[in-house]
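The letters A, B and C name the chains in turn, as written, and every chain counts its residues from 1.
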């Protein structure tokens, strides 16, 4: 029983990051129509930047700076991915983000190398709750994921900029007609999404070290979570992330660790099939 | 006229391997095999209009099918009986058949998916296939791969080295002729209608789903054949040659050559593989432009260049680099799934 | 004095197909002009090219004599030309009031997010005033202000779309297919409103509509567009009498 609970606890924390990546994917997709294949890269960057900055400043400052840096890189990615008005389609943008992910991996490999990076979290000891070891970091990640998602939803509904993003999501056509700059919307969406993922990655790194090519697994898991939300619901994407994280840990714990990406892929395929069933039954 | 050109080029392509050094042969051979895959993929993406991020999976399936059939399906027999397994030639022939069968089954649901869903689904297919075949397992050899001792022999003559490359390019020539005929046939015209508008095609009574599936299976078979033959170049199959980057490379080769353009597929594959080769060579040097190069430099440089070219082609040459360069090519009018 | 809005020998192509084949038209300050013609004649393409949604192959678009050919819709909005698109396209998940607000600050929203947000914040009082003005013009919108725009009726959505376009203080309102999918009673009310708007607020109207009777009743001048070209143009009173048009567009009858 304790193993079971233990796995659930770990699952919720890794699932939080999947959920965050999923929320980011939904945000970008809804506002720009682009699926950002490089979304996982920002989570990795969050961990990497924090690692590099940590020796020079307190942990919180390092994380904040890492998130800001990731947001800036997000704006660059947006400008490249959006491409040229009228010439670059959404599918082309997807392929561009594949290129961005590869380029990012190359740069990380060149600068940081293959060694996984980690750093000490806030707490030193795990809490023992009835035989189940809970790293406080797990609770932190889960809480931050939830809080960040709520804040994002408030931002979207309550601020002028947020409403512009929702307007773009509802009707790109009409948004353009009222003068909304498509590139500006993309830049904001990518920046917020990138910063959010970086936060998740920075919080996860103490328990799961980040490595240069971890982005693919994160993007896949995040996409699965996003598909759970139909690529449109932020709340469901977060929920899907938690669920996926738990399912994965259970498989890893009870069956075999080498299948953890496979299970994500299978779940993703099942969810894609479910969400597309209207089209599949042609 | 075109047939003569292809014939002439084919003869040259098959003669060339015998003039190359050992080091160059490996590259040339891979160019031929990968071109087979690219030809199938460019037709699929150009006419069925979808992005497949998992074509490497069929290459992988073909390779492992021919390898496992050749060494014998029972892991125990392999150690005891040197004659276990079937004749390599038969194995190479069966490889595309098995690959096509798998494609026929998964193609039905797969081809109904929309753009980004299809992209992720094909990616998932490749990764799942990889994890199944590279899992620790005596049957598939897991991370250690499978060594094939039996050489590929036809009529007493061993097919390896230069002969292997020649066979690969001969197959490319055959594939080009088949594809050119396909495009010109009634089926080809139907496919062109589908490429312009699936709705319009369906309206004129063309069974769109069936045609797309057939293209998918054809492309898979080509990749399976290439994979099946690949086993016998190094007499070994193992995880290193079939990573996910392989599938992405095929997309790049096809993008560079122009979707739907089979001759472009040849040029794209050769160009990209050559570039990758040169870049990796560059990476093995001690230092470059004053910077000391670390051990991972070859991978870094090739991944980085690869990513940059993919971005550049998608941004500036969405219809393909080759069509943009070769003015007025028929290929320029072929619609790529990602252009308006 | 130059026209408020002028299109000169515009050509719009989609690949090989020519949608607009050298059309010229003008709208003067405070005018009401109609674009009528059969489906697929190129009217919407013409409007879209005029409003910056698509780039014409050749020809010129001018506002107040200044060349704005190929500029984005944002530029045109800032110049006082806004479009009410075919099919309304309201921002469904936002409440009606938010729809209107986005209509106001869309033009402040540029790549330089900080400066554009600052500009919006400084002009907030103006935007509030404008909102009140639009509510006065369209009281129904005030009633519906909290309702998600997606949950309003077709006619109400058309009102939202018009109100949204008005928030940018346009001098020319381009309306694409006012009557599509709406009940005749609703269409009449909207048409009356547009005439009042034109007369009281001096907003010029460019109306594209398949319903020629409506368009000619509403507007003083009209262009008849067929297969990408202007077939006929002139005052509505004249066009109404033209026998050949009667049969084709005005319901026939001697």
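What we mean here is this: contacts are C-beta pairs under 8 Å (C-beta built on N, C-alpha and C of every residue); 3 or more make two chains touch, one makes a residue touch a chain.
Just so you know, these numbers come straight off a predicted model, no measurement behind them.
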(request) Return the chain label for which the distance between chain Cα mean and whole-protein Cα mean is smallest. (result) A
(request) Report back the single chain whose CA centre is most distant from the CA centre of subunit A. (result) C
(request) With chain centres taken as the means of their Cα atoms, state the distance from subunit A to subunit B in Å. (result) 32
(message) Centroid from C-alpha atoms only, then distance subunit A to subunit C, rounded to Å. What do you get?
(response) 41
(message) Suppose each chain is reduced to the average of its Cα coordinates; what separation in Å results between subunit B and subunit C?
(response) 52
(message) By the touch rule stated above, which residues of subunit B touch at least two different other chains?
(response) none
(request) Return the residues of subunit A touching two or more other chains; collapse runs of consecutive numbers into ranges. (result) 86
(request) Going through subunit C residue by residue, note those that touch at least 2 other chains and give them in order. (result) none
(message) Please output the residues of subunit A touching subunit C within their complex, sorted ascending.
(response) 85-86, 160-161, 163-164, 166-167, 169-171, 173-181, 183-185, 187-188
(request) Using the touch rule from the top, collect the residues of subunit C that touch subunit A in their complex. (result) 51, 53-55, 72-74, 77-78, 82-83, 85, 89-94, 98-99, 101-103, 105-107, 109-111, 113, 116-117, 120, 150, 161, 164-165, 168
(request) Flag every residue of subunit A that touches subunit B in the complex, lowest number first. (result) 35, 80, 83-84, 86-96, 98-107, 109-110, 113-114, 216, 220, 223, 227, 258-259, 261-262, 265-266, 268-269, 272-273, 275-276, 279-280, 282
(request) Going by the contact rule at the top, pick out the subunit B residues touching subunit A in the complex. (result) 51, 53, 109, 112-117, 119-121, 123-124, 127-128, 131-132, 135-136, 209, 244-245, 248, 251, 255, 294, 296-297, 299-301, 303-304, 306-311, 314-315, 318, 337-340
